[in-house]
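Labels A, B, C and D are assigned to the chains in the order they are written; within every chain, residues are numbered from 1.
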Amino acid sequence: MSDVWNRGAAAVATLTFDVDAESAILARGGTYADHAMTMSHQAYGPDVGVPRLLDLLDEFDIPATFFVPGWVAQQRPGLAARIVERGHEVAHHSYSHRPPTTMSEAEEQADFERALDVFAAQDIEILGHRAALWEATAHTLDLVAQHSLLYDSSLMGDDRPYRVATANRGEIAELPVHWSLDDWEQYAFLPDPHVGSVIESPAKVLDMWCAELDAMRHYRCLFNLTCHPFLSGRPSRAMALRRLIEFALQRGDVTFARCGDVARWAMDTPELPVRGLTPPPTLHFA
Amino acid sequence: MSDVWNRGAAAVATLTFDVDAESAILARGGTYADHAMTMSHQAYGPDVGVPRLLDLLDEFDIPATFFVPGWVAQQRPGLAARIVERGHEVAHHSYSHRPPTTMSEAEEQADFERALDVFAAQDIEILGHRAALWEATAHTLDLVAQHSLLYDSSLMGDDRPYRVATANRGEIAELPVHWSLDDWEQYAFLPDPHVGSVIESPAKVLDMWCAELDAMRHYRCLFNLTCHPFLSGRPSRAMALRRLIEFALQRGDVTFARCGDVARWAMDTPELPVRGLTPPPTLHFA
Amino acid sequence: MSDVWNRGAAAVATLTFDVDAESAILARGGTYADHAMTMSHQAYGPDVGVPRLLDLLDEFDIPATFFVPGWVAQQRPGLAARIVERGHEVAHHSYSHRPPTTMSEAEEQADFERALDVFAAQDIEILGHRAALWEATAHTLDLVAQHSLLYDSSLMGDDRPYRVATANRGEIAELPVHWSLDDWEQYAFLPDPHVGSVIESPAKVLDMWCAELDAMRHYRCLFNLTCHPFLSGRPSRAMALRRLIEFALQRGDVTFARCGDVARWAMDTPELPVRGLTPPPTLHFA
Amino acid sequence: MSDVWNRGAAAVATLTFDVDAESAILARGGTYADHAMTMSHQAYGPDVGVPRLLDLLDEFDIPATFFVPGWVAQQRPGLAARIVERGHEVAHHSYSHRPPTTMSEAEEQADFERALDVFAAQDIEILGHRAALWEATAHTLDLVAQHSLLYDSSLMGDDRPYRVATANRGEIAELPVHWSLDDWEQYAFLPDPHVGSVIESPAKVLDMWCAELDAMRHYRCLFNLTCHPFLSGRPSRAMALRRLIEFALQRGDVTFARCGDVARWAMDTPELPVRGLTPPPTLHFA
């Protein structure tokens, strides 16, 4: 494998933060807007978590990527701009945080473009996209290409960047994610809506992520970490993130980058695999 | 941030105990009153857990706060008084342990005031409130202010005290809680009603809480711990709580306080953020 | 507290094994008898687990108590007798492993007495009882007293033995159990019927149980451990049990005993609390 | 116990990989073929996981067994052949990954034979079978014997090989599996379809499996490990597998073998228990 996409690093680390705020709950419908505790649990993300995490990134001078739903950017004017001013990338995370697998193509297109309109009105340049709940469809990838974005970051078909051949719109870069590099499965807990079963210790999470980073250095992968400010902005979890960054820096061969940068490097690397999105034939039972 | 609310401590620790007893189960309806094992599981809290925990607090001369549903105080006359006699605060935890999000405003008001009547009849001074299951609504906070209580402790919008602007009744202090500082998610297990999936080791819980306390010292937060006597009164869990207290005392810069005291300090700190309770606009889908 | 019930030991350890075999699954109804894998999973208990655990107990010369459903004793003639021959107690664990909370009083009485008939026919003396899934009702305890058994071991109202005042039949001893001293919550996993979410490491379980034993030595409790041969008979779990026994023996102040012996000691200790089984009044909502 | 079946080793280790790819999801029905993320999550198995795991096995020169659904072999021509060329066994894992407990006998027979046809067309010799989700019925074992396969590996009735007396077709070898030696319960996570609740650290899994291997050396068992390339092919999990292999090799008394070889050894060992598959009589409630 050529070392073009990773610029010679053993592993490239993209720290990404999904700033879902209330949208991750409101998109489930119901009357959750009236649940003051649940709303405060989500508001903690942009109100307390994001400033704390921006300060942490500043300390180490590390660039990151913040995936922000259009509705969140709209509800909190200035939030996206402040993130960009601190040297980070803001990327597309749907408008309403509804997963594409639950929308018609027309609904998804409207939702997708509504977010683009919000960011355009706020002068935020958008280079890439991540589907709500990562639940992308082939149509999602088509929308990404149609709107000339460089990359998507919702699929799991590899642990290095790859290129996706969309149905009608040419190739885009895919920066794959994975459940094991997501703070949601480790930390999220809400009884209503039911989210999460167990709250893990940051020590376990730090240990698991450091082991994955070391293994990804061995296999020369993209360490694409997904965190949520309402989860990883909590004190001891932010401390675990700090220790993860220190661990990566001490290794000496890990490069931190924004997703947009990695997407460009990936598109410059012809050796990366290209994958189509033709769904597998449904199993026909004899 | 001014050091008024925390009186100069790196972190303020409020040890709180929710003495739910049978109410946490009976509020779910059904025929659980006839499930002798389940009832004995809950009765362990006031019968065995509370005396053991009171002795533990005595050993270290640490003040704590006990949130007691009115029904529990009524069923066990003398329980609330004994807690107060040992130097602790008894606070309002609803009458019936039904979460506000499942009651009409009239039902919630009746339930709220019925608990106040029980405590008044027992000469227990009430300074603050915590919603059952933490499921407060804006109306809950209004009730807290309307009855001139100083504080609520059900929301999660910060990890320092803040002030809440209720709709019609002025400001109260909020002493925020969080799932990660609650023994329920770590220890609770019942098959019917279904409660909990995994029983964690006290060693893991102690490690996680010590890490959070250290991180909260770094960020100068309120370490507002919620325990349940029927869970944390068990032998090895009480021992873990003992070690947590020893850990905090050894740090030398942690102040233990009752919730009522912290609420007063918070209301004396104009720099603390004030947050409104206007629910976010429901997401309108394009 | 007088040291009569514990004969002066810091903690008394009753190792108990619930030999449910297929009954724990078949009692759920459905067509599970045809699920060969599930049935083999359960049959492992008496076929492989029990012999291995008997050998382990022999090595240390430690007496234990095996709670056996009548149906299991009937299906595997000689099983109960072999356990008794090795020096252990066989106790009543229902006939069909249906929990009392799901049966009418008449059904429960028939099930209870059917098991007694099986054991009588096999000349197995029965001193005590444990409800299926621990789901005892007040009626269950009445049956225990009515049939002149000495004890029940299904409730959780204390961590020392206590005495239960049954409605019409006088007192029996209660040897309380708890979810945290049960291998089911740590190890059990089946997708259909759905049982368990996480398979824990024996190292975690051993650590947790040793910590509880130490804390119970501190508080002078009954360490009443519930294991299932189809779970704890597996190799590394049997090894963890071996290490737990070694740990207890090294402490030097832990006494291993059969449940029947502890029940007798408890009934000789007037200082132990007596608890009634009157269910709490159902919560009346204002 | 004679040491024939294990050729004198303290434990025999069969590393097995279930190459389910998309079939494990598509067999649940629904529209999952259009869920691009979910499909990419599954495709990772044969696309990235299998090559990585084959390289790992090569490094240590260890033979393994790959259970492949017929549909997967059909969809990815050359996959099964490449596995065989590397010195491993390919075995029968149904055609469509539907569990036998959900099919009529006629459906199961058609599914079973359709897979055999696929492998015959690809010149892959098939010696044994594993049921989808391990959900074998007595009929499944009959099919295994009827088609002259040597072994099944779906049941849990022992932790050493045993022999199964099928209803009409004679004996086959059973190489028993268990939930605690499966990577699924430790690593699998998908929200839709709902799979898994907690993502465990490879460090915990490695520790648990090493402890089980040591205990199995003590009891002279078959360490029959089930991994899935879409799970254990991930970087830090592949590293944990590497460490497990190193641990086993360092012990010096563990033999790695293909399932087919162990099945032959087992059939040469008359001392191994023979078990029938007559389902237990359904519990008749009094």
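One rule holds for everything that comes next: a contact is a pair of C-beta atoms (placed from the backbone, for glycine too) under 8 Å apart; a residue touches a chain by one contact, two chains touch by 3 or more.
Note that the structure is predicted; figures quoted are calculated from it, not measured.
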| item | value |
| --- | --- |
| Touching both subunit A and subunit C (chains) | B, D |
| Per Cα centroids, the chain farthest from subunit C | A |
| Interface residue identity across copies subunit A, subunit D - same or different by half | different |
| Chain centre separation in whole Å, for subunit B relative to subunit A (CA means) | 34 |
| Chain centre separation (subunit B, subunit D; CA means) in Å | 49 |
| Multi-chain contact residues (two or more partners), subunit D | 197-198 |
| Subunit A partner contacts - residues on subunit D that touch it in the complex | 22-23, 26-27, 31, 33-41, 43-44, 47-48, 52, 71, 75, 95-96, 98, 107, 110-111, 114, 187, 189-192, 197-199, 201-203, 234-236, 238-239 |
| Touch list for subunit B against partner subunit A, complex | 101, 131, 133-138, 140-141, 154-159, 176, 178-180, 185-186, 197-198, 200, 204, 207-208, 211-212, 214-216, 218-219, 221, 275, 277, 279-283, 285-286 |
